[in-house]
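What follows is a single structure, written as structure tokens, with notes after it.
The letters A, B, C, D and E name the chains in turn, as written, and every chain counts its residues from 1.
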Amino acid sequence: DSVMTTVKPMAMIIKAVAPQAVEVNYLVRDGHSGHHYHMRPSDRKLLQESNYFFWLGAEFEPIMQKAAAGSNAVNLTSSFATQPTLTKGGSHLWMNPITALALATAAADTLSHDYPQYKDEIAQRLASFKQQIAQLDADLKKGLADSTTRNFVALHDAYGNLSEQYGLHQLAAFYGENEQVIGAASRAALKQQLDGSGEICVFTQPQFKLKPVQTLLGEHQLKVLKLDPLATAQPMEAGYVGFFKDVSRQLQSCF
Amino acid sequence: MTRLLEARQLGFRANEQQILSDVELSINRSEITTIIGPNGAGKSTLLRLLLNLSQPTSGSVWRKPGLVVGYMPQKLQINPHLPITVERFLKLAGASRQAIGAALERTGASKVMQSPLQNISGGELQRVLLARALLRQPQLLVLDEPVQGVDVTGQIELYQLIKTLRDELDCGVIMVSHDLHLVMAATDTVICLNQHICCHGHPESVSSHPAYLELFGRKHSEDLALYTHHHDHCHDSHGDIIDDDHSECNHD
Amino acid sequence: MIELLLTATTAALLLTAISGPLGSFVIWKRIAYFGDTLAHSALLGVAFGIWFNINIQLAVVAYCLLSATLLTRLNRSKRIALDTLLGILSHGSLAIGLVLLSLSDNIFIDINGLLFGDLLAVDTTDLYIISAISALVGGLLCYYWRQLLSVTVHPELACVEGINVPRMELLLMLCLALIVAIGMQVVGVLLITALLIIPAATARKFAETPEQMAIYAIGFGAIAVLLGMTLSATADSAAGPSIVTAATLLFLLTQALPNRQ
Amino acid sequence: MIELLLTATTAALLLTAISGPLGSFVIWKRIAYFGDTLAHSALLGVAFGIWFNINIQLAVVAYCLLSATLLTRLNRSKRIALDTLLGILSHGSLAIGLVLLSLSDNIFIDINGLLFGDLLAVDTTDLYIISAISALVGGLLCYYWRQLLSVTVHPELACVEGINVPRMELLLMLCLALIVAIGMQVVGVLLITALLIIPAATARKFAETPEQMAIYAIGFGAIAVLLGMTLSATADSAAGPSIVTAATLLFLLTQALPNRQ
Amino acid sequence: MTRLLEARQLGFRANEQQILSDVELSINRSEITTIIGPNGAGKSTLLRLLLNLSQPTSGSVWRKPGLVVGYMPQKLQINPHLPITVERFLKLAGASRQAIGAALERTGASKVMQSPLQNISGGELQRVLLARALLRQPQLLVLDEPVQGVDVTGQIELYQLIKTLRDELDCGVIMVSHDLHLVMAATDTVICLNQHICCHGHPESVSSHPAYLELFGRKHSEDLALYTHHHDHCHDSHGDIIDDDHSECNHD
């Protein structure tokens, strides 16, 4: 038995609550961007053989709409997508442990319907995941508590959900959700706003060049965080907890 | 005598230049009209106006409703990227294979029936274009320098053919030509054009008209006189003038 | 594996049957970039769709048909080559679309989806749409074939011979726009424009008449689809790009053949 | 604000000075899609760069120059129109690049970066590169202007008159490839190809000689750059697309003017 | 007598057809060679081979090193998207403004100097092309049907001009023509071509050669006899033969 999802962190979340006997696969393979997905025959085969395809809905993962056309698709966000904060520059929902837990809960619900024989196992794993998440959240909050500055500049507009949770403040994102670049006026405003401040925290990702930031804020000292939102460098065994620990370690090096 | 086409006060301006002004003419069934005039006189422009391929800047053109026209442009630029044989090109005019064979036979280009249209020689192209024009069984044939680039043998044959066609199809013909000597004898009306109509009428009368003489010069009028004279009678192979016998020397 | 690829292969073959003849016109009229232009300008269609709150798919199709009409109009003056007009329309609408989108918040457009599509995700509904459009466009092409061809060979001769040249040109452009607009959303613009031009260009070498070119183009297209699907199934590569790769290799291969002497 | 835009504006103006004349050739030769083709095929360059472990930027430039050479070769047979060849090269390399990339692991490519670039991210190093390339290409164009023009007007007459036609065609293609390859990485391919064709097409209406067209194209390009930068500064839109938008509007505006009678 | 160009055993095949075979010829300085032959005979193909615009499939062409050639193609397709005036077009040949004015004056096209090249009429284009060919001060002039589409007045003037140029520049001339009557008198060698060289030599001798008679027919040979005879002497305006006075009637 197997279930399918879109990206690796999502697979980690589902793996955390799915019964041991159920295999969890994901579509976007390591090293490829989640925004440029093309389906391959092996994906199609896996997708067809899976009992479920867990995804985040057209709003957050529009590129997955075709993959989600099958009858086995389950939109994990349908229970809580009404929360307005989630839609604001935060398509990477898994970048916030609280949301991750909500996703896990939704997945667990569905799974226990289909696998009544594993119902207990699922409930048990969910409870343990809940605990781990609470721990993660508390640790990160504590780690960031004494940080005086909470401003950061992002290259990719995907951290709205994360900043909301931890009181961080995104000054600007150089590439929008659609990867379009920002205009001259915003840059001028950003430059003015940062006038006089020393170290600036920059969230970057492997596929984006740092150059626009360097050109604009060349005179400032840039502290570059190579966040890894797709868990490319993490082994699957590390699980969501391992992945997010890495993210929070990175965050704490900046704030 | 059916009127096929009539131009009224036609004028054309382009690029701040008056190219044609005040042209009045009418084309009737079974009449051959020839337009002569120096290069740049506006002959091709006039044909394009008559065919509605350009819009006049003044005046108007009346065409008989439902008029079937066969047109042969002065230059045809063929898209080199479209593979098309002469036969297929002619079929586009809506003719049968047999009719195509016959038309090419008549214009003396049956050799190139299967050749790609892009590769045939200049003179062959002219013959093919004429074949296309006549395949449409036109009521009006519009020919812009029909024998340009055609070899000597062909020139005489083609003019002969145009006359025969006129008789067969009972169609009107309007053509542009520089071959005064070959054309004069085969035409009913000559229009002498140089931005406006300088003079028009029967070939004989036009060639002595002062406007004509001014345009082509007395020197060439003499040459022409030689040509028309050449068609008034026959020469034997030594160039001596022999008796005027139409059936023998093929001129009329 | 076979039944998995069946829908996708059928869709691609259906498209091929219609893109062969249409693609031949594209090559004759030198508008190889027609598809790309529509794809680029589709972005502006999306922007309009969002702006006026219309169904985006419909907005894209409508905008494509509109662009085609506009193009036919602009082209009538003949002062600027069609390919230049295409280039301007393409970059212009792309840029205007980007500017509009960067002015509004939170609009996600799947440019990559439009570009590369997802042939393997084609379902039976898509198949019906493709069949319907193919039948419509194919029927129009057959019915008007002689007139369309006349206009392409020599518009002035066609005009003198009583063909309504502007109408035929518009018809051709609208057929193209329709097939690209549909294809773009189903299989992606890369595949649809490549299917338009590459098989037809391959056929050019062997054809002696326009009809031969159209038919050979269908044949080469079908071969490319089958080869590409096999490649995709064996090497596990994306289906659309694999078909285009197969078509390209086929083209290069036939170019290396000697010309008939 | 001003000093923020200074580098970007200077870079764009420098590119304009060279894209005006080059773009005129692009329009005359009907290769409006040259830039897009190189941009698409750049993906294959990226794939090769990754495969053979070369610096990706260099690989892209090298591959662009190679494509241009290949194109010039293929075009010599004249059986297939240049725009069709461009289309095939473009879609073919894009597809092959995608297949290769989807077969290899761990690759992040910034397709959008290549396509749309970021003019505002231009720094002084880029400015030096652009100046150097502009000076080189500008010098070559000036030096060979008459010969390049002869070849464009009528290759056969040029050949009879003793001009080395293949060499001139190659030179032109390589100049184009160079400017596109550099422009693509610095300001994005949308801006560079739009700067090539749109101002030159605008100039076409007013020019009576080739030189006039080249010079007017520079002028229109410069106006578009200044307008676009102003738009970007006031409406906060991306700089590249704003310039292209300004150029497009300028084109549409001049098309609406009456023709000189 | 300098040899400018020599063809040895030239052959050309295309599309499974032999278009030319076994052509041998040589062009010398200050000689006018005229190629005549029916449409599709391969005349234009031969010129293209001589100029290295096509590659022969057999045989070879020798050209004097550094030969300056002026070429006038049979058809010139001008890119409509390139704005270029006649003057600028001629400047591309590397000539000064003054020289251009003079050359256009000579070919009778000074009127169109400032016109866009795409808009000038067929005959005007021929004149412009000839002007371009002679602006290069060529050692060899290669002309493919130079007076095609030129008006009567112009035809005679242009042939006259070609002769004058030959004398002035002391260059070799090779041209294709169908205007046997106008050309014969102005040429040193006639080559009669129909896929191979049927006969060649001085105009008078060629026109009585059996191969020539077969190609053009006895009927047209008679016509030609009339033309050559026309150039042996002069006619007055009534067509009567008057005394042979070269200074008066401009033929030689």
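The rule is simple: a residue touches a chain if its C-beta (ideal position, glycine included) is under 8 Å from a C-beta of that chain, and two chains touch if they have at least 3 such contacts.
Keep in mind that what you see is a predicted model, and the values were worked out from it rather than measured.
*Asks:* Chains in contact with chain A and with chain E: which ones?
*Replies:* A chain counts here if it touches both chain A and chain E, which gives C, D.
*Asks:* What is the chain whose Cα centroid lies farthest from the Cα centroid of chain C?
*Replies:* The most remote chain is E.
*Asks:* Which two chains have the greatest number of C-beta pairs in contact?
*Replies:* C-D
*Asks:* From chain B, which chain is the farthest off, judged by mean CA positions?
*Replies:* Centre of mass proxy via C-alpha means gives A as farthest from chain B.
*Asks:* Would you mind pulling out the distance in Å between where the CA atoms of chain A average out and where those of chain C do?
*Replies:* Each chain's C-alpha centroid was found; their separation is 37 Å.
*Asks:* Would you mind pulling out the distance in Å between where the CA atoms of chain D average out and where those of chain E do?
*Replies:* Centre separation, chain D to chain E: 43 Å.
*Asks:* Let me have the rounded angstrom distance from the C-alpha centre of chain B over to the C-alpha centre of chain E, please.
*Replies:* 25
*Asks:* Among all residues of chain A, which ones touch two or more of the remaining chains?
*Replies:* Counting only residues that touch two or more other chains, chain A contributes 36, 38, 40, 180-183.
*Asks:* Show the residues in chain B shared as contacts by 2 or more other chains, in ascending order.
*Replies:* In chain B, residues 15, 81, 116 touch at least two other chains, as defined above.
*Asks:* For chain C, give me the residues that contact two or more of the other chains.
*Replies:* Counting only residues that touch two or more other chains, chain C contributes 27, 30, 79-81, 84, 98, 102, 111-112, 116, 204, 236-238, 240-241.
*Asks:* All pairs of touching chains?
*Replies:* Contact pairs between chains: A-C, A-D, B-C, B-D, B-E, C-D, C-E, D-E.
*Asks:* Quick check on the complex: what are the chain D residues that touch chain B?
*Replies:* 78-81, 84, 260-261
*Asks:* Once bound in the complex, which stretches of chain A touch chain C?
*Replies:* Where chain A meets chain C, its residues are 35-45, 48, 62-63, 66-67, 69, 87-89, 91, 176-178, 180-183.
*Asks:* In the complex, go through chain A and note every residue touching chain D.
*Replies:* Counting only chain A, the residues touching chain D are 29-33, 36, 38, 40, 174-175, 179-188, 191, 205-209, 211-212, 214-216, 218, 232.
*Asks:* Across the complex, what residues on chain C touch chain D?
*Replies:* Result: residues 27, 30-33, 36, 74, 79-81, 83-88, 90-92, 94-96, 98-99, 102-103, 111-112, 116, 190, 193-194, 197-198, 201, 204-205, 231, 235-238, 240-245, 247-248, 251, 255 of chain C touch chain D.
*Asks:* Mind listing the chain C positions that touch chain B in their complex?
*Replies:* Those in contact with chain B are residues 27-28, 30, 146, 149-150, 152-154, 156-157, 159-162, 204, 207-213.
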